[in-house]
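Look for subunit A in each of the two complexes below; its partner is subunit B in the first and subunit C in the second.
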Partner chain A sequence: MQMKRVVIAGVVVLAASALAVANPNPAGGTISGKVTYEGTPKKMKPIDMSKEPSCAKMYATPPTGESVVTGPGNVLQDVVVYISAGAPDDAAPSSAAVFTQKGCRYIPHVLAFQVNQELKIVNEDQTSHNIHPMPKLNREWNKSQPPGTPPISEKYDKAEFIPVKCNVHPWMHGNFAVLKNSHYAVTGESGSFTLPNLPPGKYTVTAWQEEYGDQSQEVTISGGETKTVTFVFKAKPY
Partner chain B sequence: MRRINFARIAVNVVLAAALPLAAGAQQMESHIGNLTGHSDAGRQLYFRYCWGCHGPHGNGMGENEPWVTPQPRNFVAAVFKCRSTPTGTLPLDSDLFNTLKRGFNFTNMPSWAALTDQNRADLVAFIKTFSPRWKSEKPGDPIQIPPEPTLTIGSIKHGQELFQKLECWKCHGQEGRGDGPSASTLTDSNDQPIRPYDFTSDNRSKCGRTNQDLYKIFMTGVDGTPMPSFADVVKPEDAWDLVHFLRTLQYNNPSPELTMWEGTPEGKAIVAAKRVKQTYTGSGVKP
Partner chain C sequence: MGKFFAVVLVIIAVASAYPIVMHQFPLPQDISTHGHLIDDQLNETMVEAGISFVGAQLVLAFFLWSFTGRKPGSALKNFPGGARVLVIFAFVIVGLEVLALGVMGQKAWANVYFSAPSADALQVQVQAEQFAFYFRYPGPDGKFGQIHPEKIDEGSQNYFGLDPENDVPARDDIVSGELVVPVNREVHLMMHGKDVGHSFYVRELRLQQDFVPGLDLSLHFTATKIGKYEIVCTQLCGLGHYNMKAYLNVMSQGDYDNWLKQQSQ
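On to the complex of A and B.
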């Protein structure tokens, strides 16, 4: 008798802790899903880095362009999925978003971070780069970063998608996604995304791809539920 | 839901309060030394001399725009090439004032030296009415330029190394002819092709001709173009060495630096070779 009660108590405690792990914010819901394309995307060309031997030698086969990156099952990578309306603006986190130049490419190709969050730009290459983001709303600056120099620290005070390029190496281009709140994700190899911890409310979820533009959907979260959303972009073959 | 509505109302109230301020943005002043420029006076001059290129709305879309490369400056974006302030910041009033006097060589932007100083100050004030940035931001703190050290061969030679190390040559070419390996691919922020400055043409760079001007150009960068800022990566004493070397690239422009450089066997050989061969070192861009 005694034994049994103890076991039951143990099970209850276990169940409670499992719940807590799965859903730290009992009132929070989750929006998750996948980004795919239909049609035939244009083929990404191999990048000719012969003008920059110190980078070219880092690749056995030349890397390809990254403006449209796809995966098995027609998934799209490097898509920014974020809450564009319905969530309040968040204060910037204290951690920095890091943008690395390596092998004459940007890692990551699309970097998402928040308004006023520190942006740290690192050059790991043996060549000079210039970092030239081209915003429309924020300040436009352009800085040289020779090998071995300290990281550049910057921030942006307005939400905006900003194309970034290196003028010395014309194939190098990337993107900053400067966002107003902390509810965002950038799709990886699986094309999927998860936006957790959303209090009940009506949200606009937007997916942005640098060549295909953006799409939005309305989603209502009423409790600790998970809503699934799918974005399908029409590929532009050229 | 109700909370959101309150927030909206609050925003509207703030906006309404801000509107008279926005209307007030039509009035601007400029301060250059003890001159004060007034935008009202500047407006008259602008619609007489400038709007054909820069446009009635100051966005660079005047009726002459289709025939002008680089495009006339868009004053709404408020990105300026010639500044004494760091990259990404607004220029000083005096920077714009000096630009108007100088004009931009090799472009359609004429010199306005024929106008009076007061006229130019008034024009500067008026240009600032086109962008709200002049209300919301202050010009950057001007970069500090230490006094120029005495010219030595050592300084020129160190500048020559820096020109290599900082990879100026990738755009400007080994001989400074504006024909480096990346030159043919360069575009400005309006997506127009742009050529790196050709040091061998003469000494007329857009942002001024003095040694101090040269120092400022590569430290602040030429915003809106591929020419980056080196302020964070070049120490002040190194910057002067680079200035001294850059002068020797201007082999059609007599200068103490060029004379000293040609006084050494190495310098003499290099300059002579350039004069004779008219070699050009890069790809794509014709000299």
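On to the complex of A and C.
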């Protein structure tokens, strides 16, 4: 009889400690990882900004195109990694997503933000820009922004990946990633991403790169663990 | 009053002709082999128009001076032969003048447009779009790749719509925002517009050609002086037209070869 109690107590202690170990973060699980490429990506060509001297003089050597940006260790930068299925839609945060025109380039090259979140477009150059996002689902518009004018405020009500160009400077190119929930990240120089605060469930993680398209993987989160996911894109030499 | 006006008229006519006659208007430097023909035509037009202008003003001043102050009702002389002869006379005089300018100037036009480029001219393709000019060189293989308009992607700098993955001659094509040419070498420009109407104008080359959407146009020139010259768009093409320009960079043959090699890397 006493043996049975000891055994039950032991099992309870074990179970409790197991649960405690498995759930160190009661806020949720995390999906993290890296985006890499295999093969040889095409070489980015330098941009000729001579027709806009106020921008050209900001660079010691001409900047290169940004449609494929790599990092040390064969990683890809500017890849949007997000939860495309399994998470409910989130309300837009009150802070604005800022897209800056500086040195006749868009900073950041890829801006990820949510549906109905405020998008703020700033012109820090001494020249006029005419920002022209080219959506297929959302409403298309383009707006002129002379130097010294206040930021443009806009928002999108449908999730979409939108290429952005400048009507005045043909080399300027960027992307908006308008997403439905708050679980997203854009890879930086390390090529890595982290999607924290995920409640238990089955998720589809998608990585999107503007030239290589997108890839998806299914990940199941059961508690507070961190699951690692790696995306490998096939680079094209041309 | 009329006599005073006549005197003022003569002063204005002579004063405005003076700077033209004394060549006080500066023309941009001429760096083209056919440039002198255009400049000669300009001068001839000035001379013809100038003589007609000053002559007409002097005749007007003479009639003002002679006939002003006459008592009202005194006879005015008619042009001998009447209105019909006057019109025919004006028609013939002006017509001959314009015809003369055309005949004298046809050489300048024919030299640019009716002569074919030589077979060993340097071939460069020019594409005008909102709001930039882009230039394509065939690269080391000497062949231009095929243009696929559906593959045009400004964001990845594929302005011409090349398909290097599947089209081998396109792989080494050099696309540049600057028109770089060697000095004293004939250049054959093959021009097309990507979207709306534009125009290619280099004043030092005395060359101007509209891009008409849908047309492939041919132009040839030889630049005779090393330097950097502006190519401006001279056909209103949209809100970026004010800013649409590129540069013609005329280099020595050695510098040009180096530039080509650098671009191919």
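To be clear about the criterion, the second predicted complex is superposed on the first by the 212 of 238 C-alpha atoms of A that agree within 3 Å, B and C clash if a C-alpha of one lies under 4 Å from a C-alpha of the other, contacts with A are read in each partner's own complex, and residues count from 1 in each chain.
Here is the rule we use: contacts are C-beta pairs under 8 Å (C-beta built on N, C-alpha and C of every residue); 3 or more make two chains touch, one makes a residue touch a chain.
Quick caveat: nothing in here was measured; it's all calculated off a predicted structure.
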{"item": "Side-by-side fit of subunit B and subunit C on subunit A, or clash", "value": "clash"}
{"item": "Which superposed partner A:95 touches (first subunit B, second subunit C, both, neither)", "value": "neither"}
{"item": "Which of subunit B and subunit C A:50 touches, first, second, both or neither", "value": "second"}
{"item": "Subunit B versus subunit C as contact partner of A:144, first or second or both or neither", "value": "both"}
{"item": "Touched partner set for A:173, first subunit B, second subunit C, both or neither", "value": "second"}
{"item": "First, second, both or neither for A:163, with subunit B first and subunit C second", "value": "second"}
{"item": "Touching partner for A:132 - first (subunit B), second (subunit C), both, neither", "value": "first"}
{"item": "Which superposed partner A:197 touches (first subunit B, second subunit C, both, neither)", "value": "neither"}
{"item": "Touching partner for A:211 - first (subunit B), second (subunit C), both, neither", "value": "second"}
{"item": "First (subunit B), second (subunit C), both or neither touched by A:236", "value": "second"}
{"item": "Segment of subunit C intruding into subunit B (one of 109-117, 127-135, 181-189 or 217-225)", "value": "127-135"}
{"item": "Interface residues of subunit A shared between complexes with subunit B and subunit C", "value": "51, 127, 130, 144, 167-170"}
{"item": "Residues of subunit C defined as touching subunit A within the complex", "value": "129-132, 154-157, 159, 163-165, 171, 175-178, 238-240, 243-247"}
{"item": "Touching residues on subunit B, where the partner in the complex is subunit A", "value": "77, 79, 86-89, 137, 165-167, 170-171, 181-182, 185-186, 189, 221, 223-230, 232-233"}
{"item": "Residues of subunit A defined as touching subunit C within the complex", "value": "45, 47-48, 50-52, 65, 67-68, 127, 130, 144, 163, 165, 167-171, 173, 210-211, 236-238"}
{"item": "Of subunit A, residues touching subunit B in the complex", "value": "51, 127-128, 130-132, 134, 136, 139-146, 149, 152, 167-170"}
